[in-house]
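There are structures below to look over.
In the two complexes that follow, chain A is the common piece, with chain B as its partner first and chain C second.
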Partner chain A sequence: MLEVREVSHSYQQRRWFRRADHTPSVLTDISFTIEKGCCLGLLGTSGAGKSTLGKIILGMQRPSHGQILFEGQDIYRTSRHMSKAMRRDLQVVFQDCYSAVNPMMTAAEIIGEPLDNYERLGTAERRRRIGELLEQVGLSATDAGKRPDQFSGGQLQRINIARAIALKPKLIVLDESVSSLDMVNQTHILSLLAELKASHQLSYLFITHDIRAAMTLCDRIAVMDQGRLVQQEADGEALIHSAHPAVRQLVDSILPEHPANRLVWD
Partner chain B sequence: MIGYIGKRMLSVIPIIFVATLVMFALIHISPVDPAEAYLTAAHIYPTEEVLEQKRHEFGLDQPLLTQYLHMIGRMATLDFGTSYLTNQPVWTEVAARLPATVELALWSMLFAAVVSIPLGIAAAVYRNSWIDMLSRCISYLGASMPQFWLGYLLIFFFSVKLDWLPVEGRGTWQNLVLPVITLSLVLIAVYTRLLRTSVLEQMQQTYVQYARVRGLRERMIMLKHVLRMSMMPLISGMGINLGKLLTGTIIVEQVFSWPGFGRYFVDAIFNRDIPVIQCYVFFAACLFILCNLLVDLVQLYMDPRISSKGRAEH
Partner chain C sequence: MENSGKVLEVDNLQVGLNNREQPQLLLENIHLTLEKGSILGLVGESGSGKSLTCNAILQLLNPRQMAVSGSIRLHGRELTSLPDKEMRRIRGREIGCIMQNPMNAFTPVYTIGSQFMETLRTHYPNLSKAQAREQAISALADMNLPEPSRLMKCYPFQLSGGMLQRVMIAISMCLRPALVIADEPTTALDVVNQLRVLRELHRLRTECGTAILLISHDLGVISQLADEVAVMQQGRIVEQAEVHQLFNHPAHAYTQTLLNARPLTALSGSRHAAKQK
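Take a look at the complex of A and B:
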């Protein structure tokens, strides 16, 4: 479904009077695939290049080298922008739920926007679909008239998810989608995402720095460090016992259930 | 909502009270005696005897407090009396000049909006293109050129040299063209820059960039996400300017011999024609409050968050 082929990227630094020579590489030779109905976790500390990779996959940033194939089509080949049809199948849920929505729109307008953009629905049908989507993400149809400032962070992230699934996409990029929420909401949203994945046969690219969240949701986990893919595992257990220093760092950051139980890996 | 409007309308009363108090104080602090100013304007030699008579006639020989209370009392019934200078009721004189000023003000505002809104948006969307450069040139010109000079330049080229438009007066649409351009150029200058900045700011908003990722067309993004918020600073600016335009644009009216009331009120100040000044202060205070109220109502309609925040606080 999604194939990332040998993607490398460096941000061009232009200076006056001289061409940029030493541009640090943000991504180096990244390759992976996501199959239908599968969830790939992209794990890494901040600065590992995971968000840049997310941007490249979403068509926001052309990579310096390599290809992104979505359903066999190179997303950067046809034109500068991805085709509208391709965008329909590739949706996204961002980290900051508040800045991802227009603060002046109601929940119904936010969720209805992709529907208006791609489908021509009658008023009654549109309202029914919006109510249905709200209920699918665990809100009630009566919330449709509320605006973003009347929702909590967790509720608003549910609206963002409803907006992403409104068009029944094939792949959703979850860019740190639960990171800004508290623990209770994180758990709720993660189980909601797992439910939706099963019911809609969705594929996810789950970008996160939280190894536990990745292990809950993902079928396969790839770990990034300094722009490189250092380890890919289908089994979270294998990561916990990995010897790679970058993976170690992420594993060690898991808080123990009790301070006395803090794991010592030596 | 009606209660809100009513409350705002009532705020006119204290504002007019303070404004008239300041006006009254200034008139009496100034060394010029209204009776003397009247006699000078009427070419009567101000002997003590005539002065006394006039002072008594205008009620200026009474104690200040009595004069002030008398003035307030009459204002409450919207009676501004007769002008010292012309002996005509102030209302008649103002009513005769009002349509001309309102006509000029509204057309100037409309023209400024019609030009600056598309220009400002285009300058932001096609940043650093020729249209952005053009808008920048217009803004610099409009902001730096004094209106009296611009007015005379326009008259010189379009009326004297090319003979396309009349030099002065009011009546046909041709008479309107030059004064409207003169008045609106400075507005266009400010509005274009204001709108350009706020459109650029809105385009940087995260949700606007994300809208692109979600497959929304550029035109839809502009219409639904960018423009509505970008208009807010422009609306505040327009409200303030509308008040200014409606209270008379003395210089432009003078240049084009436009029969509005800017000139009338300036003369009233020179002649210490207290009833006319009083009427002007009252009129200006009401207008500014109305314009502000109008701005607030439009913004309330455009940004529903304002009202919901208000509710949360109460």
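Take a look at the complex of A and C:
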């Protein structure tokens, strides 16, 4: 469904009266595919280029080289920006749930905005859809009038998810969507995402640095290091026993979950 | 004073919201004790009052909005009745603080070096600039940061989050405080940087004998560092126990919920938490 073909990218620094000098490349020769109903985990340390790749796939950043094919169509080919129809099928949920919403808008307005942009709904129908979406993400329809400051982080992330699924997209980019939540909320949101994936036939690109979160949700995990795709595995176990130094570093940095298995540091 | 066992004693701390219509109790009956060189972990989900407790200890709550009662003693010295000027001397020098978001803790318009030296020279006014610089560089080198003298000239936005967090630890360490309050020190970092920061905190405790109040919602962090754990829920400490005891035999229902919310997949074969929900 989504095909990333040999994408490379570097942020060019514009300098007056000087030629753009050597710019380090952020992404080098990335290729992968995501099938319908599948979840690809994109794993890496900060600065590995995960979020840049996410932006490129969402059509927010044209890559220096390479193509992004969404259902066979190059998303950067048609015009400067993606076509409106294509944008409908690609949605995103960001890490920081507070800055992803307008604090002046109510939950109903936040979730209703994509509906207003794409579908002409009557007042009653619109209200019904919003209530339905709120219930799908585990909130109640009575929360529709609340504003972001009345929700906790986990609840607000649910509203972000409701906004993302409002138009029944095909692919959602989850850019560190659970990283800033506490463990209890993380578990809830991960199981919600798994449920939605099954019921809506959604595909995810799940960007994270937490291999355990990736293993619970993803069908396939790709590891990035310094802009390169270093390993791609369908099975998380294979990653844990991987020999690649970048993967090893990620795996070895995971803290044990019980004080009896503490890492020894002296 | 330095060698007395107890560094921090918090007794019956209560924090209420001064709200005329509906006064609200935010923290209730908080008792905490920290010995020299020990690490107390404070866990609980967001909104349970962890950060409020640390702000209350640092006397950073606005008395117009919050009513604070109870006693907070540092080396036996009562902090709640201290005048602002005295308290300002204690903050930083005797109680260090490491904040959650390193990006917001620094001023973006000054270099790391000038902010570091400012901290040093505020607390030691007769330190010359050159001496302060020297101390700062050696503190950064101590923290395993590469090229400390070049780092001094960098602006905060030129460093990664993990590096900034280590700079912040270096700043709070170089004044040799008796107590460091680390409020979610690794939440904003990726796993690799998290490990580096935790290792430095561990060194701070073993080498300098600093007591650390470690606030986190990540039980991995807590299980790695803490000696004792206090579990908070809705402004109350519901359970407090030694770390092994707490992980093996959680007594309170809420602690069990927290422990069960650990990542669903356990690594390296031991699949003790396959599916919890």
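We adopt the following convention: the second predicted complex is superposed on the first by the 260 of 266 C-alpha atoms of A that agree within 3 Å, B and C clash if a C-alpha of one lies under 4 Å from a C-alpha of the other, contacts with A are read in each partner's own complex, and residues count from 1 in each chain.
One rule holds for everything that comes next: a residue touches a chain if its C-beta (ideal position, glycine included) is under 8 Å from a C-beta of that chain, and two chains touch if they have at least 3 such contacts.
Note that this is a predicted model, so its numbers are computed, not measured.
Undergrad: Between chain B (first) and chain C (second), which, if any, makes contact with A:Gly236: first, second, both or neither?
TA: The answer is second: A:Gly236 touches chain C but not chain B.
Undergrad: Give one of first, second, both or neither to describe whether A:Ser199 is in contact with chain B, with chain C, with both, or with none.
TA: Once the two structures are laid over each other on A, A:Ser199 reaches no partner at all.
Undergrad: Have a look at where A:Thr33 lands relative to chain B and chain C in the superposition and call it first, second, both or neither.
TA: In the superposed model, A:Thr33 contacts neither chain B nor chain C.
Undergrad: Looking at the overlay, what does A:Asp182 touch: chain B (first), chain C (second), both, or neither?
TA: Touch partner of A:Asp182: chain C, not chain B.
Undergrad: For the overlaid complexes, name the partner, chain B or chain C, with more touching residues on chain A.
TA: C
Undergrad: What is the contact status of A:Gln91 with respect to chain B (first) and chain C (second): first, second, both, or neither?
TA: First partner only, chain B.
Undergrad: Once bound in the complex, which stretches of chain C touch chain A?
TA: Interface residues on chain C, with respect to chain A: 45-47, 160-162, 187-195, 198-199, 202-203, 206, 217-221, 223-224, 226, 243-244, 247, 257-258, 261-268, 273, 276-277.
Undergrad: Under the definition above, what is the set of chain A residues touching chain C in their complex?
TA: By the definition above, chain A touches chain C via 45-47, 152-154, 180-187, 190-191, 209-213, 215-216, 236, 240, 249-251, 253-260, 262-263, 265-266.
Undergrad: Per the contact definition, I'd like the list of chain A residues that touch chain B in the complex.
TA: Within the complex, chain A contacts chain B at residues 58-60, 82, 84, 87-88, 91-92, 94, 96, 99-104, 113-114, 117-118, 147, 149-150, 163.
Undergrad: So in the complex, which bits of chain B are touching chain A?
TA: 205-207, 209-210, 212-217, 220, 224-225, 228-229, 303-305, 308-309
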